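Each structure below is given as structure tokens.
After this come two complexes, each holding chain A, first together with chain B and then together with chain C.
Up next is the complex of A and B:
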């Protein structure tokens, strides 16, 4: 029996496209990791010998540690604040009976659809108009705006499917209202919390276009600091830092997979 | 049977609409009481008030002598089986059944023992470790029952627990559920809008309409002695004849109807407008032979064959209808049929005068 040619061709094409996309997405990462392990002082893939020398220099990079700490701090604060605010806002949007709910939901998610430059510039002018000139509070506020849409999007989707009768059931089984929310709603919606929180955290951690408007010499977030190194002394130390960030991201995704499952995380 | 649960003058309004209207009801210890009524009549609202999930605007509820008024839901010890079961999707079958015990801080070993006892009772023991999403509808229903019963509640409320199941399974589950509750001596309020289910299961039925109880009685009385035209119409089928009282003496009435004179038992003034009704299985073909019987000659319109019986429909003026049940093999010829029933089987209701 001859198999029809057309479906086979289609299948082959699909596989080629898939392979091409994977290569296209992964190649820069592979190159970065490779460069970081090469002994050569210019950006070059390792030829034979591998070396850790750039990693040894990471610790001596001036201003790196404060930048990492600041970025982690800002991302953690923004994520925590967004989880609380986003949950409350999502409950209001999903359960509320007031007019304009849809509009509010769209508005809270809209920063995802606007260019970061526009938001950054707008924030800068707005904060100045309010008389807020301090870098740190400006950064924290702006990053809440960055993270909130991720949390809102996943939580609105999660809550729309959440059966609030579950809370009633837990109450009739002996839990007070707050305990019922904690013991039922939080675990049932855990995938939404974790997914929204993780993606939001990463979005804040590597944000450049908004942060650039709000930082000063004393408060540089990691992406801004890295770009400065590239300008000043472009050696593979940057590649080593990037490789560490890639490792951190993989770790976060691994934890997420363990807790929620990658397919569920990607699905939201 | 003393009153185990006592509901006094409970009212509830949502914005303009009155959902429960000064409703009172007593349920005895171990009694199985059905709330039967059309969609939107307030059945679920009443259950939510009893469970403490909703506060009434007025009225009092006492359970086993204790005023529930100020007790929040989690301190009432009232079990609820929700309409869609509301099982916890993040827990296993055993996790769901043990939820109430864990909430009460019962020791681990005791929880395990009680959970297996209940799973045994609802025949789900082999599925203890299953995820909720891997259960069939009937199995989910049994988990919901076991979960509500695990904490040994003083009262169990069931909100249309079988309505999501298909007909065959529903009938099996009815029998099972009734036997389980009887075995435990559990006081139960069972909400349904399926009259057959209510008739089959209940010790007593409360027929609800628009936030009030129209009649509270045994299934037999609800069916054969409906207190109002609403109950008559909601439970079972009947022949309906509008008429006027033309003779009233010593508790016997003669009514003038479009189908001819009809006799009944009751106390009405002459000239009163009434509605006469007869249940189909009370009617037999044949002329009224003596004073104990009454009857009409029914112009036949159609007949439906239902397997175990045959239904005859009469041609009557708008608002009236006639329904006669005969054995399936009955040969009906001609286009009019004399029918009769006992005078005491004529149900008579006053018809409000239309202004």
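Up next is the complex of A and C:
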């Protein structure tokens, strides 16, 4: 006779853990949004009426807008450069027959697995040794190393599933080689591009441990500026800024969902 | 039309050259320089920096603290995440999309925003303490912020999605009929789990454990915000040595130690993953 007791118990436990995980994961987000809408100047959840007063003060935060623009600029550059470099490298690794392909793939993904603070520290000393002291070029170069692993990882996975015979098939049907690539390969690989690009972009936009070594007074990325606000007198304006970042992240995920599907993005 | 319009396979490897050059110049060389700085002092090569760092009992406390924090974080994430991944794999359609969104949103969100949320949640008159007191579990507010318990809550929160998602990816590929087959063959539920399900999910577990552990030993923002300067991990030691003490050699030595730990985790997990795949 079957004894369903354990599977049932196991399943109940699994559901409880899933519910607990989701509540636990969303708790800091919910609290942040709540505090940002509360009229109270101490961090409190709104009791009764909501207030937008902290949002009105966001525009007056010193240094916020330049930080946002700098972070967007750095992330956009790093993502664009990584998509080009990563696509070429992924094709080489998946299609090539040369020895050391695995080693190259591991090497290009490895910055993701190594401590960012150590990479940032190493870059600072290296750039100084080369005489590069300006913050902006340092940040642009460094962030390519942050984004490249994300692009590389998803593109290698995507390309491994791509049937290159399709390109030959399209050519047999009369398309030129570039058109065959454009018509056949690009649509199939688009989800990998988008997933790798979006996560890479967010990783750059959010990076603290590498940027902290490379910024100066005039070039602060958003995470560094945020941490400074937190260190100074924190009031719920920070909660309003955080809520705007939550909204931006939601927007990016929404775009990803429309273009790729969340369940596919979760598979990375 | 050229005869070789098809990409020549032998030369295709050169496409990796630009990325490799960039990664070598911006990533490998800096790390080599870091190693050189850690071995350099008094106008020559020396192990003095390592002797100074590793000879101090305090450094071993820091290393031990870093590893213990990563260990407990990984264990809690696994205990929560493994069953949660199973439940997630059983959901379908819109419910599953919504739950995945609930995992991906915190995963993609800035660490600083989440850390800020926890400083609000954990403070003396914060939400967690109010809930505890309202439920009668405690009479007075507990001190949570700037304690290791609070840090563990915060850091687990940051890295939990990295445990759930790889396990979920593996679990959803398991054919449910395998369980029926095992039951038909006379296996009890516990036996089925240990002999059939657990081995099949092992690659996901190895991937999740590796990610969470290597992210935890390197964590900087969360310990810094939830514990302050007194609490030193390897990461905060590096930052302090460099940004405040202006002691590049000490920072570089601590950096190489952290790097060595991370590499050991990555190499060890690659070995484990190969074994997990090899076992039937």
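As a convention for this text, the second predicted complex is superposed on the first by the 264 of 268 C-alpha atoms of A that agree within 3 Å, B and C clash if a C-alpha of one lies under 4 Å from a C-alpha of the other, contacts with A are read in each partner's own complex, and residues count from 1 in each chain.
Quick note on the criterion: a residue touches a chain if its C-beta (ideal position, glycine included) is under 8 Å from a C-beta of that chain, and two chains touch if they have at least 3 such contacts.
Predicted model, so just to flag it, every value in this text is computed and none were measured.
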item: Contacts of A:168 with chain B and chain C, given as first, second, both or neither; value: both
item: First (chain B), second (chain C), both or neither touched by A:188; value: first
item: Touched partner set for A:131, first chain B, second chain C, both or neither; value: neither
item: Contacts of A:59 with chain B and chain C, given as first, second, both or neither; value: neither
item: Partner with the higher number of touched chain A residues, chain C or chain B; value: C
item: First, second, both or neither for A:250, with chain B first and chain C second; value: second
item: Common interface positions of chain A, toward chain B and toward chain C; value: 168, 171, 176-177
item: Chain A contact footprint on chain B (complex, rising order); value: 48, 51-53, 72-76, 78-80, 82, 84, 86-90, 99-100, 103-104, 147-148, 151
item: In the complex, chain C residues that touch chain A; value: 5-7, 9-10, 12-16, 18-20, 22-23, 26-31, 33-34, 37, 80-81, 83-84, 86-88, 90, 96-97, 99-106, 108-121, 123, 126-127, 157, 160-161, 164-165, 168-169, 183, 188-190, 193, 210, 214, 217-218, 220-221, 225, 235, 238-239, 242-243, 248, 251-252, 255-256, 258-259, 262-263, 266
item: Chain B partner contacts - residues on chain A that touch it in the complex; value: 163, 165-166, 168-177, 179-180, 183-184, 187-188, 190
item: Touch list for chain A against partner chain C, complex; value: 2-7, 10-11, 13-18, 20-22, 24-29, 31-32, 35, 43, 45, 84-86, 88-89, 91-93, 95-98, 101, 104, 107-108, 110-111, 113-119, 121-126, 129, 141-142, 144-145, 148, 152, 168, 171, 176-177, 199, 202, 205-206, 208-209, 212-213, 223, 226-227, 230, 238-239, 242, 245-246, 249-250, 252-253, 257, 262-263, 265-267
